[in-house]
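Got a structure for you, questions after.
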Amino acid sequence: MKSYHINKGAGLAGLTLKEHDIPAPAPREVLLRVRACSLNARELLILRGYYPLPIRPDVVAVSDGAGEVVAVGEGVTRVRVGDRVAASIFPQWIDGPFGWEYSAQLGGSLDGMLTEYTVLSEEALVHIPDHLSFEEAAALPCAAVTAWNALTGGQPLQAGETVLTLGSGGVSLFALQFAKLFGARVIATTSSDEKAARLTSLGADDVINYRTRPDWHVAVRDLTGGRGVDHVVEVGGAGTLEQSIKATTASGEVSMVGWLANSDTSMIDIKVISATVLTLRRIAVGSRAQFIAMNRAITANQMRPVIDRVFSFDDARTAYSYYQDSQYFGKVIISHD
Amino acid sequence: MKSYHINKGAGLAGLTLKEHDIPAPAPREVLLRVRACSLNARELLILRGYYPLPIRPDVVAVSDGAGEVVAVGEGVTRVRVGDRVAASIFPQWIDGPFGWEYSAQLGGSLDGMLTEYTVLSEEALVHIPDHLSFEEAAALPCAAVTAWNALTGGQPLQAGETVLTLGSGGVSLFALQFAKLFGARVIATTSSDEKAARLTSLGADDVINYRTRPDWHVAVRDLTGGRGVDHVVEVGGAGTLEQSIKATTASGEVSMVGWLANSDTSMIDIKVISATVLTLRRIAVGSRAQFIAMNRAITANQMRPVIDRVFSFDDARTAYSYYQDSQYFGKVIISHD
Amino acid sequence: MKSYHINKGAGLAGLTLKEHDIPAPAPREVLLRVRACSLNARELLILRGYYPLPIRPDVVAVSDGAGEVVAVGEGVTRVRVGDRVAASIFPQWIDGPFGWEYSAQLGGSLDGMLTEYTVLSEEALVHIPDHLSFEEAAALPCAAVTAWNALTGGQPLQAGETVLTLGSGGVSLFALQFAKLFGARVIATTSSDEKAARLTSLGADDVINYRTRPDWHVAVRDLTGGRGVDHVVEVGGAGTLEQSIKATTASGEVSMVGWLANSDTSMIDIKVISATVLTLRRIAVGSRAQFIAMNRAITANQMRPVIDRVFSFDDARTAYSYYQDSQYFGKVIISHD
Amino acid sequence: MKSYHINKGAGLAGLTLKEHDIPAPAPREVLLRVRACSLNARELLILRGYYPLPIRPDVVAVSDGAGEVVAVGEGVTRVRVGDRVAASIFPQWIDGPFGWEYSAQLGGSLDGMLTEYTVLSEEALVHIPDHLSFEEAAALPCAAVTAWNALTGGQPLQAGETVLTLGSGGVSLFALQFAKLFGARVIATTSSDEKAARLTSLGADDVINYRTRPDWHVAVRDLTGGRGVDHVVEVGGAGTLEQSIKATTASGEVSMVGWLANSDTSMIDIKVISATVLTLRRIAVGSRAQFIAMNRAITANQMRPVIDRVFSFDDARTAYSYYQDSQYFGKVIISHD
């Protein structure tokens, strides 16, 4: 079996393919044949050396993957051989609020999914929706669970509330899709008319081009009769946080997602926060229980992730390059088949 | 102006039409021209003498109504002349949990809506969705707000969860419609194939005929892979509560709605509850804030109440009779136009 | 090493002492030298055959115990040799709401603590407060965690709220002590003046003798100015549930605890519930996360469990008899030392 | 009757005493004889012109006051002549989350309490605890309700959790007292050993002198075994927010209180937030329901506010000067008696 290994800060050049024996599952562990992976911003941040959590030297790359159970260790009760599963990024975070004791993560301090086979503890695994291919399921662990946590983990999202999404990255597209499942209204920002059209076709009720409306929070206010939105899925950091706060209604919620890279300016005036009444939630993906709940929502509504492009396992390096350099719309997938 | 007045236990014969002067609004009060009303089980319980809360002698009948603001008293800021509004049944219950100090209610201890004009305090009023007629908006205050509270006031409803509704009364139909707005799966029970078809067309994912499946909770379990449902909107009391509890998943929620009339048997074995882990919420309609939030959901999703039949103000007595004797599906409305 | 084994319905006569080899911990498992156990109603229900969950034939008895880590398997990170720990009754219930998939329990489907040594998975264990002896810590897993869940797992307990506790069983005494830690007011019921004095010395603000006040819910109402209590820790089932509901304020919460044995009458009139607005929570002990949070509260406030009497490991049978037949006040402990 | 009037930005020189007729209560209004007031930072911010909410020209000063009902208008049901009451700062904010439609406030857009008599709507009033003098009760509306909201309005405070308070301003002292009522552990920061001793005598478990420990968040981490605190009542803005965030445990909560004046530097690096997982709640005092709940806690625990000094109504100007210039510890009160 083959795996791709990385080192923090080693760049794409450091992505190394190695040959191994197929491992055997210990008690309560599961051997998974990985069938597809997806890329997230974290993979690039790790290669650039900006990722804030520990990365084990020579760790198997990539947090997100889905596959098939091919063997189970003694005492495994949650999955059976043949089950189609994905892995939760923080395998020890079962339910309830995040704690640092749960911060071991796939493709970080633990081996990741850019491999043909991997062994995981059974509680790391969740069953994937029947109607999704492995490629589609591989899109879920990081971006979709983060979007789900942003919308449901704090103030619960209700039908009729308004959600603001920023741009068309993975988390934002899932947030848009989930918000529509909940009967919410979605206002999305974007940089081009072409993307605006795609956001609209995904269900966005209103799209604001932030190039032509650099003061887009005013446009959001106008679209909500001055009230502001109930939830922001804030992925932009310093470039957008101030406007996101100003776009939020009293007692609304801004969920902060993602890691800031080496941006030169990442300051915000505290007075922007003090002038409002709201909640800022800094979140980190989500728990196994949230992943399972999300999959129920995806299944019940036969929702499908947006896939931009699929690369083969042999072309993993090309996939990274494409993800790094391109204007993708939807998830970039590596299929092992 | 004319109003219909009632007395507790006086039966339909006691429904009396009287002539009055049009009242004037005091400070912070509003004069409303009522345009439509709707009937709920409470109206019949009052006439039969079974309603548990105090009924003022000779009170103006009916809790549910919608109309148009025709005059405002000094200091009114929330509505203007010409606004289309409905009244909250518990006008003093603004937000937060219910308290007995908020239990004054329209068509009970306070004059109700089966009148051409009425004066209400401004905080009793909520704006109605633009896309609804007065007849449709008059369907909301009791049944829809109760369904909304049942689904959102306790454990928040999430996409992908399963909701069980019982029959096709007002609360159950709204619960079905709201659950679908939230992306939930709905299992509905009913007594006939014809009603089953109508429930399906409203969005029910599965319908169980409880006449052919008297052990319908087993059918619910089967439909959920043995897991049970997350929420039950329990309107049936002694006839259904035990099966509703048995149909519910661990840590699920049964919201108990409505008043039991003089049923002979209303006992339940506590062991049925002790054998589970769940929450029973006994609720009472909902707050003004919940009414407003619900209206946002109705507006954002352009949802419409199901109307069974509309009677004229002059035919109010006929409307009562029809509501009492018929197999309606949807709300029975009295239009003042 | 020696262990006591039981069989469902076999009575106290079936409690059998056996000799075994000391087991070795597998990966992620821990070998515990048990130092003390405590008895709960469940132990008697199992022997009588009334316990509703599965009991493995010849299982090691008793859910509650505390001890010392004497060896750890590969990969164990949460505890070290020498740590003082207790075991969570539902070892797989880590955090979040209860699910049936977590219902494997110590002294039930899993071996229990009435043994000199046992092997447990590391996530079953929680560190015990430094100021508690093993005997005191062994009092916590079932009764204290249940009381903690009752008071904090639903509507969060706040200073100034009123809590009603019933009698002087294990859960009720812990509920009284925890409620006082939170700055709540406590009304307790009891059957004798002598117990009343002990409840008062534990902090109860008011004690009602239910023998002299069989309509004790009226007394509770009177003591709260007619308002009723915010939380009831309901342990009495059919004998008390109706009065507990009537003693509760609007939007208050009744947490139902414990299993009903073969009482002849366990019926309640649904109209009692329908006449109120409140939440009934049927609960089952609590999660590992709740156990840890509770231990923080016990530590911060240097709280100590009430111990009635301590028996030796060799006298376990006598401890069972005493627990079954006596009017204990506080926990009955079996010390292995 | 006499009242003190202010204008935004007019400074203390603008505080003007005027003579009026005693007003009469309209329907649902109450005439209050104010017996005591207290000062808060908002009063100084208004005089300096930095207060962010609208201030009505020539408004009666001061948000906080307590007094005696001397007359009631028609239809008033919640209070009676002779009742001892305080006023809620946002009289229209009854319960539930804050909304801008509730932002009319006493001593701001509405007349305040630095007057001998005032007329208020009945829902603005809450009964004060029996054991408190008017001077003590006048200390509550702004600072105490804010502290209560900070600790209970977001993630509910539990016994055993750790609360961090900053300095010895009004909100911080109440937060310390409330946290101790709840059985929490309190770590307080301060600038002098003398204040440290007073904080300790109020119940603080640990006090850190931030002059000798400018990196006090490290000291907080050390005192919590590296874990960090569960709640911060953050009153310091730019001077402290970064350290407050760094002192907080995963999934903990920082409640931001107060308005920043014209500080030159009020920037924070977003990376400080991104490096954590937590919730920042920007809050604004609290609702009437929170005021009532807080009063229950104060009553049940016979808690008393810390009073620094009491001035007479005639010396109101001196009270302002003292409040502005001095190192008070506890509330500065103006007594009308």
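Chains here go by letter, A, B, C and D, matching the order in which they are written, and residues are numbered from 1 within each.
Quick note on the criterion: a residue touches a chain if its C-beta (ideal position, glycine included) is under 8 Å from a C-beta of that chain, and two chains touch if they have at least 3 such contacts.
Fair warning: this is a prediction, and the values are worked out from it, not measured in the lab.
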item: Where chain B and chain C overlap in contact partners, by chain label; value: A, D
item: Of A-B and A-D, pair with higher C-beta contact tally; value: A-D
item: Chain centre separation (chain A, chain B; CA means) in Å; value: 40
item: Multi-chain contact sites of chain A, meaning residues that touch two or more partners; value: 97
item: Touching residues on chain B, where the partner in the complex is chain A; value: 152, 156, 158-162, 178, 181-185, 205, 293-301
item: Chain A-touching residues of chain D, taken from the complex the two chains share; value: 52, 97-100, 154, 237-238, 241, 249-251, 256, 258-260, 266-271, 273-284
item: Of chain D, residues touching chain B in the complex; value: 26-28, 78, 94-97, 101, 287, 289
